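Okay, got some structures for you below.
Look at the two complexes coming up: subunit A is in both, with subunit B in one and subunit C in the other.
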Partner chain A sequence: MSSKQTKKYQAPTATSINVESSVLLSLIRHTSENYPSLFSGTLLGFEDDEGSIDITHVYPFPYPDQYEGGSFRSRSGAKYQQEILESLKKLGYGVEFQGWFQSTIAGNFITTQLIEGLAQQQLINKNSFILIHNMSSVNKEIELKALRLSEGFIGAYLDGKWKSKDLESNKISYLNIFTELPINIHNQNLVNLYLSNLNQQQDEGEQDEFDVLNLSSNQNVTAQLLESLYSQVDSYNYDQNNFNYFQRQQQKEISKISQWKQQRKLDNLERAKRGDPELDTEEWKSIFRLPSEPSRYNNMLHSHAIDVLADDILKKCEEELTKSVAIERKLTFNN
Partner chain B sequence: MSGETSFMHLVRPNVSAPAASAATGTANIKIHAPALFQILEIVSKQVLSAEKRIIGTLVGLRSDDGLELEIRDAFVVPCNETGDSITIEDSVHKTLFQLYKKAHPKEAVLGWFGSSNQIDNTTSLIHDFYSKGSDRAFPHAAIYLNVEYLTADNQITVPKLSTYIGAAVGKPAANTQIGWKTTTVNNSYIFTPIPNQVVNGSITEKIAFNILKEKSVNTPSTSLESDLSYLSKQLQVVDTNIDNILHYIESKGLETNHNSDKDIDLLRLLSNNLLNRPQQLSNSEELKNLFSAHNQDVIMIEYLTKAVKDQIELSARLTASADAEKKV
Partner chain C sequence: MSRFFVSGYNSDSTSEEEDLLTSDEEELLSSSQEEDNDESSDSEFGNDSDDSDSDDSDSDVRPTGPAYFLKKSFLKGSRDDDSDSDSDEGKRVVKSAKDKLLDDMEESIETINVNKRTNNWTVVLNEIDKLQRYVVRTKQQSIAIPNFYIKCLASLEEYMNETNENEKSEKSLNATESKSFNAARIKLRKQIKDVQTRYDFYREQPDLFEREESVDIIPSNGNEQSAEYTAVGGRAMGPVFAALKQIIESRGKKNIDKFEQIQTLDQLLSTNLEKGSAFELIAIYQILLSIRFDASANQNFMPVDEWKKNEDDLNALLDVLYANIDKYQLSELGSTTDEIDIEPEARADGVKVIFGSVTSLIDRLDDEFTRSLQNTDPHSIEYVERLKDESSIYKLIVRGQSYIELITPEDIRPSSEQLARITLRRLEHIYYKPNQLITANEAEAWKGIDIDSALVSKNATPNELIEGINTFLHNHSNSIYGKHSLLNTIYYYAVNNQYNQARELFLSSQLYGSINHAESTLQVQYNRAIVQLGLSAFRSGAIEESHKILNEIVNSQRSKELLGQGFNSKYPNQATTAERQKLLPFHQHINLELLECVYMTSSLLIEIPALAQASNSAKDSKRKASIKSFKSKLEFHDRQFFTGPPESIKDHIVHASIALQKGDWSKAYQLLSGIKIWKLFPDNDELLAMLKSQLQVEGLRTYIFTYKAVYTKLSIAKLSKVFNLVNEKIYEILEKMIESNEIGGSFDETKIFINFTSNEPQRSRLQELAIVMNEKVGLLTEKNEKTASNGYGKKQNQPQGQQQQGQQQGQQNQRESEENNRFRYANVNSNNDEFQAAV
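Take a look at the complex of A and B:
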């Protein structure tokens, strides 16, 4: 293991994320304008004394991501991030790098690259986190989540073996890889003033947007979600096959061992009758070797991705059914 | 926001901005909400003192004819004002713009923003900086966005946005001193007000903006829980629109003289929309079949997805319990 991983991990202290309203809007604009390309970027800000992280600036990385988390550890991404930070520091802003944002579709963001990048970052700064913008219902609603790898996950990550018993001792399963942090939106006073003024002079220059009222289902997204689900299930099965192979091997060995134990017991009974000294009953340990368990790491990531994807698909289906039934009633009742 | 009609559009092309629109068409500025909020945030950090000016660069898109401007982002550029002269930290402007340009290759410098109460000599000096040289608005005419948030007696008020296009007039005065440098500056600019509006790009942004508008005002922090308020608001708008049309038609029916061209166009539009509805809508049986097929598809997807989800959970549990058994 490298020296970095022997570093002592500290439990995070910040428990919520404060996002400046301009950051929220910039982030959403960048990700939704560039949809379906995926983008990630840097979140800059500072930790306040009340246990939350204030994000005051957001800078997207120059290039779209091939896959989620691709820019986190890339040299160009890190360099860009550093340059931005330096020029802001020159301006006298007391901001530090706090985390990344990443646009994604449902559970697809759970890639080894993203996890690896986030884990390394959390070892350096215990409070780092990632903002995930789920684009699966883009233009319908905003799904923004602040996530951080759970303490148990980091514990297992530091062990680096990912055996079943490691998972158990760190109390993690695919359901608690991440801990979610609450996001709060914060307005500067002038922004407040501007917005409240807008509320007073309502309907002036307001743009109506009827696209949200469009009832036709976006089948592209559902198809895309299902495709992602297939491919995750495929990868999951591939990994599961390895594990099943291991289980069969283990079963075989275990039955061999019990046979051997049985045999030895009988032998010992014989020998006892003849008055010979007993043979060692623990000798099997040097004769048989149990196969070593493969890493459960990928299994866990795929499981979590499938879980999130399934949740999103179920949500879409529910929406679709509600809409469909409502329209059907309306149309067929009248005729 | 002022009504668009109250503007007189006078854009004067001149030597310092050769690519400025030759047509005396109407210029219009769209300010994207994220950029506006950024500007407001920068301005609200300003120290309340008369000498310190906060200015910054506006970046965004410009249409081919140079008449449609979209302010998409802004960043602060430090400057120092001493008496009649001003020094702008060019290097900061350059680095920040170059960094921004990497992520947004299509965007360019449009001009600058400030927060003063009046247009004075210094305004012209800053405008001159943004009108010339590389990485600035040149060869287009620079725009100037002013956020007025102080009243005459230094009380904070609702920020008022005004936008101007500056055009140089007269012969450049030779050898004026700016800071330490002696260069030729033209500090006679005419600032022509042009209309602006605050816009949101995608629908997602509009939803976010709506949440901010409805919920975040005067609360220390807001969570980002989306509800159906935006949706229902839009539905109400549609409702009132339909009511308006009905009302209009009914009121027209009472009048005797009702064949003006406008009314006929309206009727044509309405009847065309009715004719455009698919044939299937009138076939009740087929419609029912289609709907039930569709619903069954959806339910099937739901069922299978649920099965996958449960399988995954089962598998995880079985692995864990198998492991526990082994230990026994």
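Take a look at the complex of A and C:
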């Protein structure tokens, strides 16, 4: 992190994302079909003058990721990305690299690798962003978010210390690591046509409409969410332990210092009575040394992940509760 | 003999001889002439002048190595202008060590002769010292003491006596010379004493010593002469004892041909066998036997033919002893006499007790037997051939035992070491054998023995035999015999399927408390007994006990060492001979593969049901931590990519266990019974029958554990059909399982079905997860609270808690006091005051 401090960060100018529907379709198809393995890929497009980014092409990386953000900075990923850009250039496309997409489950995407990759990219191209496809309700809903690291976060990132003070001065907390960008989907007529064709085909089966009435709970996903939440909570607790230790050390030192100050004050009073020159009251700075605060970086990431996960679980719970109430009604009605 | 020393002595002598040459040349000439007459045997060197001998170590043996070149150049340079007769190199002759020694002696004697005339006693004293050393060397090289030495001693003594007489009248010697003179006299007397017999003989017949060869007084050289000579010895020592004494004296010395001595003794024996007195015979046998043992002491083991001879002779000795039982006894309690030919004094009953030990001789013979077995390849025919001798040595032991019993009075038997030792020997020969073999052994041993043993009668059954010996040794005053015999007895019981007796004996012995401080042989014996106990438990169907007993030894990774059957270290060559001799001969080994097979089978029978039980109830898995050993084997098997049909014992057992896991007992039985090593157990069929029934029971248990969650009820008749057990038995097993809370269930009234009930909550995965989640979130809150309160969680929590209590005081007061009550009972001592207030 520290080596990149020289780079100047500019505030992003683009405020919205325009995604071609064809891009969206191929993205969703790729990630959904490969669920539960995780995939990421490059988003290509261009910035327009009105402060938005148009994404016109998407190319997933050929291999699934072991964890979120794994391919962003890997050598093979970068090479693949480069090759695609070059091939497109040969074909006369003027597209540029704008960001990545990443499939994930709820809050799991917040990994150090992903943050690091995104931060580096944002330092190079102020408008780069990441498209997160949350697959926690795969095959039912599509949950897409365009995220970008907030300015405050990048500021703290450039400082690289992640002390509480830094967080405060940059005005960031776990809630505003990212700024979300609005996504506009730009439908081409061709896609419209394709979709209506699909709809027609499915109408013949007439299954889709009843899918909403499926009452069996999707336990699997909920369990998976819970397990993810576990591991995040565990890591969080671990980190918190370190911090608590620091707190205690800090307090010990502070109490020592205040004791020392008290003593010095008394000494000085006595000296004043005798007419001796006063001793330096600031000497404690050279005697005592406060423990250095551990980085709050991980804490922040875990907090955010927990936040997102909890939100998702809440959503699931609502869903399940609605279903169980429906079942209960049905059963009692029958009786 | 080292050349080095020779040259060392010579440098000494040169200086003296220079001195001598300058002063007394005439004397030297005359004395050398004298000697020429004496020593015709050394004619070759007789002509040599003294100074040539002075550097003989350099010149008479061709120097080798760097010294060769050095000497040559030096000699050439120096000798050319020397008129010495020896300077001619061509004349140099290689002398044998013997000749050289004799030469040196002659030379010394000459010097003495010269110097004594001139009263130069310091020189004489020196020379006497030298002579002394030479004589010692002649003995080492087994050269007969030369006659001229005796002669010299005699003449010197005469002369010194004369001088002494003279000295009394006229003091002609100065202080130093007289001092040396006195010292020389003392030394001379000592030397004469060393060869007293010859010296006396010389005094008697000086003309005999004029001959070349040294006078030999070994009887075989001529009875006439020795008889004459021994008569002179002052005390009547029979020819037999004279020879024996000579041999006894040479014992322990180097360079003695033991086989020659054995031959001599054999001859002696054969000549005396007919007419010799019993005392003589006993003495001869004793010495002959021990010399034979000595002869092979530096070999790995005694050669078989030597061993056989010793065995025969030992038998013959026992014959003699039995025949003369009312006259002589050979016992460790006997007393030694000053000379071997003196018979010990007779006891009141007229029996003369000779010092000696039949036990030790038999012990030694048996040890040699064991050693020869240890050094023979156990898979060769020689081993088997050698093993056949066991019956004869056993017979010998039995004979020896009954002999010692005969000569040991009833009252001192419990404290008699020799009797205990030989009895223990006997036990050690039989304890590891099955009954039939012991019976056969006994029958063979008692053949041709007329007397009976009081300890154990001739016709005792093996059980009586072992028990008799054990009782005797147990009551012996030295407890070590008792321990050995106890362990051997346990082993015997275990081998012969008397598991309960063995177990009781073992438990009542309390040996396990002190065994770690015992010596290694006893420890090995202890381990053997334990292992055999475990095997016996297995055979008698006590699977759990067997598993418990064998567990430690099998898992120790050094069972070989623990059982005294080899070394586990990588380099067996590093073991010392002493360690190696402690190993048991192969035929007494416990088969380690069999041991492992038994252990694994018992593990299988115990662990497979336990495994099934553990895997189907989440809570119990923590409690049962002892079932790891087998699980790891199964896991290893699961990881294999390819598993062929079972080949090794381990394969069989693992396959059987997999079958048993599914409740397929018959396949498990097939696999287990296919293991060939069971045949090593004597009653193979019973064992397999036991295994079968065990597998049926454990298979049923495993089946129930595994599938109880699937069924709500099971028909006992069906189970009986599947597991080939009668209904009652199935009922019994199931009831036991229910009683011990292993399964939840009950029988219906007609006892046809078992109903499974489960009191365990059937939670879904999600529910389980939610419960864990609850804990985690609790933790999380706690951590956050901690952080909020600057890292100290508890201190700041308490006031909060108190606040809450304040809100709900009415309800909580009661509960709190209850809790405090309980708490107080637990630690009464810690904080009584605090809580008394609360109550």
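Please note the rule applied: the second predicted complex is superposed on the first by the 306 of 335 C-alpha atoms of A that agree within 3 Å, B and C clash if a C-alpha of one lies under 4 Å from a C-alpha of the other, contacts with A are read in each partner's own complex, and residues count from 1 in each chain.
The definition used in the following text is that a residue touches a chain if its C-beta (ideal position, glycine included) is under 8 Å from a C-beta of that chain, and two chains touch if they have at least 3 such contacts.
From a predicted model like this one, the values you see are computed outputs, not experimental measurements.
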{"item": "Touching partner for A:P60 - first (subunit B), second (subunit C), both, neither", "value": "first"}
{"item": "First, second, both or neither for A:L25, with subunit B first and subunit C second", "value": "first"}
{"item": "Which superposed partner A:S169 touches (first subunit B, second subunit C, both, neither)", "value": "neither"}
{"item": "First, second, both or neither for A:Q240, with subunit B first and subunit C second", "value": "both"}
{"item": "Partner chain in contact with A:R248 - subunit B first, subunit C second, else both or neither", "value": "second"}
{"item": "Winner by number of subunit A residues touched, once subunit B and subunit C are compared", "value": "B"}
{"item": "Subunit B versus subunit C as contact partner of A:S324, first or second or both or neither", "value": "first"}
{"item": "Touched partner set for A:T15, first subunit B, second subunit C, both or neither", "value": "neither"}
{"item": "Touching partner for A:Q263 - first (subunit B), second (subunit C), both, neither", "value": "neither"}
{"item": "Partner chain in contact with A:L226 - subunit B first, subunit C second, else both or neither", "value": "both"}
{"item": "Intersection of subunit A interface sets (partners subunit B, subunit C)", "value": "222, 226, 229, 233, 236, 240, 243, 247"}
{"item": "Residue ranges of subunit C touching subunit A (in the complex, touch as defined)", "value": "764-766, 769-770, 772-773, 776-777, 779-780, 783-784, 786-787, 790-793"}
{"item": "Subunit B to subunit A touching residues, read off their complex", "value": "1, 32-34, 36-38, 40-41, 43-44, 73, 76, 78, 92, 95-96, 99, 102-103, 149, 156-159, 197-209, 211-214, 216-218, 220-224, 226, 230-231, 234-235, 237-238, 281-282, 284, 287-288, 291, 294-295, 298-299, 301-302, 305-306, 308-309, 312-313, 315-316, 319-320, 322-324"}
{"item": "Residue ranges of subunit A in contact with subunit B within the complex", "value": "18, 20-22, 24-26, 28-29, 32-33, 41, 56, 59-62, 80, 83-84, 87, 90-92, 138-142, 144, 164-165, 167-168, 173-174, 182-199, 204-205, 207-213, 222, 226, 229, 233, 236, 240, 243, 247, 296, 303, 306-307, 310-311, 313-314, 317-318, 320-321, 324-325, 327-328, 331-332, 335"}
{"item": "Complex contact set, residues of subunit A against subunit C", "value": "219, 222-223, 226-227, 229-230, 233-234, 236-237, 240-241, 243-248, 250-251"}
